[in-house]
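The block underneath contains the structure these notes are about, expressed in C-alpha cells.
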C-alpha cells in the first residue's frame, strides 16, 4: 500500500443482514485519509455501527448477509481476505466494556493480540510496556479485569486494540457506558493515537467529548451518508441544527450549569421514601462504606442521582429498594421506618442491563406473572398499562425480541402492574441517541405525573438537565 | 413474529454467529467461543448438582450427581447445540468438562467417560442434522452419562478399595458388610436415575427452546 | 498470582500434570498405607513451597484424621455403627491424593500458564479456545445470578429459598432464561472481539508467560515417582 492511498476506501458498499428486509447500509462511498480522525454520527439504526463492521471486515466474514460494492481497508480488499489478515493493521474497540475482553487478567488481555500473531515473549512484553507507558496504565497491569471499573476496562480495551501498532483504530460507541471522568481519559487516548499518526474512526452518539479531536464528521441517516462536514464547519452549526439531525449536544456546558442549579436540597414533608443518617456499603471482602446525606423522594418528582463511578450510586439505590441492608441509619417509607423487605415490595429498579429482569415468553404474560391471569379485570388492567406505554402492539411478542427501549418499558410496565410507587432507573439512556433519550425523558415525566416517585441514576447530562426536577450529586456531598 | 410492527428502534437483526448449519461444516473460532460460554454454564450446573447431591444424600451423595446435573442442564445443552449445529460441538463440550474435572483432581477415568459418551452423543445428533428432536433427546441422554466419570471409582475401584480395607486389618465379614451398601444395586439405581432425569431434563430443555429461544428468534 | 517470585517457587504446569497422573495411579494400584503417607507428604510439599501452607495444613490434618478413622476397630470400642464411618474414611482417603494434587494445580496455575502448557503439549485449538472462554466466563455467572435474584425479588417472584423450592421448574426457568439470553449475547461479543484480535489466525500462537522445566521440576517428578514405582514393584 502506498502511503498516500486512503486508509479506508469504500466504493458503493451495501449490506443486508441475513433475515433483514432492508439493507443496513445503502450504496455508501467514503474515503478516509491516513491520520484522519473521523466521527460517524446519526440516530440509532442509521447504519454507522454496520459501517464500522464493514471497515474492520466483520462484515461479511462474521456477520452474514448480502454484501456488495468494494471495501478497501489499509489497502486490502476485505472481500478477498480472512479477517485475521487485518489483525495487525486494524484495532477495534466495541461498545460494552464488560463483554469485549477475552482474558481474565489485564496483562494477558494486552498480550492476547500479540500472542495470536506469534510474537516472541520478549517482543510481546516490550509492546505491552510501550503501550502502558504511552497510555499511563501501568498501574492497571496484572490485575483481574473483573474488578476494574467500566472506564478502566475501556482503557484496557483501547490499549489492547493498539498493542500491535495498527494503522487504523475503529471504535463503535466506546463511551456509552462511561462517566465524565472516564470519557476524558478516552479523549486523551484518542489524542495520543492521533499524535502517533494513526487513522481513527469513531461511531458515536455522544459528540461533546470529541470537540477539537475529530477532523471530520460524517452524518448517516437511513443507511446512507447524508452529510460530510469538516470539523470547523460542523462545530459552527447551531444547537438547533444538531438537534434536528437527531444528534446529541456538542456543548455540554449549558446542561452542566442547569444541573448545578438543580442540585439543591429541599425541605418538605410527605416524601414516599426518605433517608435518615443513612450509611451504605458492603461488608466482607469488597468492603465499602460511606455516609449519605439525608434525602427524600416525592410523588410526582424526578430526582437525578449523579456522581462519578465508584461514589456509591448503585449501592445507594440498591439500599433504597431494599436489595441490600443499610450499614446504619434508616430508610423511611411514608414517614415510617421500613425494613428492606418492605422497600423491595414498594420499590422497583430498572436495571442497566434490563435483560436480567424479563422472565416470560410474552409481553402481556410478563405483566401477569404472579397475578391471576384468568381474572378479566386484571387482564384488562394489564392491557391498559401496555397501551399507556405504547406496548400494546407487542403484547404477544417475546420480550427478548424487542429493542432495548421497548424492553425497558416492559420492565416499567411490570412495576406499574404491581402497584409500585417508587421507581428507580439505573442508567436508562446509556447508548441512546437524542430521540430515544428524549423518549425516556418523556416516559419519566409520564410516570411522575401518575404519582410515582422517580429516581434516575445517570451520567447523561442532557437527560438530567432536561427532565429531572432535582439532582443529588453523591460525589459533591461526600 | 410475522406481525408488522411499528418499531421505534430498528430491530437489530438476529445474527447467526456461524454459517447455516448443515452438520458438515467445520467448527469456526466463533463456534468454539460459543461452546466455551455454554460449557462454563454447564460447569456451573454441575457445581449446583454437586452441592444439591451432597446436601440430599450425604457422604456417598455423589452417586446422584450425574442424574441431578442431567435434570437441570437440558436448556444449556439444547441451546448450545442449536447455536453451533456442527459436528464436534458436543464432543468439545465433553472434552473440556473432562479436562477441568481431571485438573481439579477428579479420577482419571472421568476424562475417558467424558470423551466417549459425548462423541457417541455427537454422532447420534448428527444423524438428525442437529435438528431432529427425538435424536437430540437421545443424544442428550447419552451425553449425560459422560458425567459418570467422577463416581465410577465407587464401583470399578472396588478391588483397590477392598485391598485398602484389608491393609487396615479389616476382616472379610466386615468388608462384605460395607459392600452391602455399595453393590451393583446402587450402580443400576444411579444409572437408571441418569436415564430418567436426562429424559426429563432434555424434554424440559426442548420445551424452553420452543417457548423462549425460538420465539425470541435466538435459536 | 503469576508474579516473578511465583514463577520461581511454582512448578511447571506439565509437572503438575505428572503429579495428577501419579495421584491417579495410586488409585489403580492399591498402594500400602506407608507409601500413601509418603506420597501425601511429597504432594503437600509443593503446596507449602507455593505459599499455600494453610491449605497444606488442612489437607494434612484431614489425611491424618481419615487415616486414624480407617484404623479404628469399632468392635473393640463396642460401637458397631462406626464401621460405616471407618469404611467411608478409607474410601475418602484413597481419593485424597487426587484432591491434593488437583487443588495444587488449580490454585497455583495462572490461566495464561495453563493455556501455554496446553499449547506446548499440542492440545488442539478446538479445546484450548473453549478452555480460555470457560476461565473467562465462569466467574461472571455468579454476578449474573445475583442480578437475576435481585430482579426476581423486586418482582416478588420466588423470593427466599422456600419460594424457589415450592416451584422448582418455574424457578429454574426464571433463572436460566435470562442467564442463557445473556450468555448468547456475551458469546457474540466475545467472538467479535476475539476475531478482530486474531484468535482465529492459522499458525503458531505464542505466550508471554514463559514456562520451562527446571531441574527442580525433574527432581520433583523423580522423587514422587520412586515411592510409587517401588510399591508397585512390590519392594515396599
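A, B and C are the chain letters, set down in written order, and residue numbers restart from 1 in every chain.
Criterion: contacts are C-beta pairs under 8 Å (C-beta built on N, C-alpha and C of every residue); 3 or more make two chains touch, one makes a residue touch a chain.
What you are looking at is a predicted structure, and each value in this text was computed from that prediction instead of being measured.
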Pair of chains joined by more contacts [C-beta pairs], B-C or A-B: B-C
Chain at maximum distance from subunit B, centres defined as averaged CA atoms: A
CA centroid of subunit A to CA centroid of subunit B, Å: 36
Centroid distance [mean C-alpha coordinates] between subunit C and subunit B, Å: 19
Where subunit A touches two or more other chains, by residue: 62, 400
Touching two or more other chains - residue numbers and ranges from subunit C: 132-133, 136, 173, 177, 181, 186, 190-191, 194-195, 199-200
Residues of subunit B whose C-beta touches two or more other chains: 15, 17, 30, 212, 216, 218
Subunit B residues touching subunit C - in the complex, by the definition given at the top: 15, 17, 27-30, 32-41, 43-44, 59-60, 72, 75-76, 79, 83, 88, 92-93, 95-96, 99-100, 102-108, 153-154, 157, 159-161, 163-165, 167-170, 174, 177-178, 181, 204, 208, 212-213, 216, 218
Parts of subunit A lying in touch with subunit C, wherever the complex brings them together: 56, 58, 61-62, 82-84, 86-88, 90-92, 94, 96, 98-105, 107-108, 111-121, 124-125, 128, 142, 146, 160, 318, 321, 323, 344-345, 347-349, 351, 353, 355-359, 369-370, 400, 414-415, 418
Partner subunit B, residues of subunit A touching it in the complex: 17-20, 24, 44-45, 62-65, 361, 390, 393-394, 396-401, 403-406, 436, 439
Subunit A contact footprint on subunit C (complex, rising order): 2-3, 110-112, 132-133, 135-136, 139-140, 144, 147-148, 150-157, 159, 173-174, 177-178, 181-182, 185-186, 189-210
Contact set on subunit C toward subunit B in their complex: 20-21, 23-24, 27-30, 32-33, 70-71, 73, 83-84, 86-88, 90-91, 93-95, 98-103, 105-106, 114, 125-127, 129-134, 136-138, 141, 169, 172-173, 176-177, 179-181, 183-184, 186-188, 190-191, 194-195, 199-200
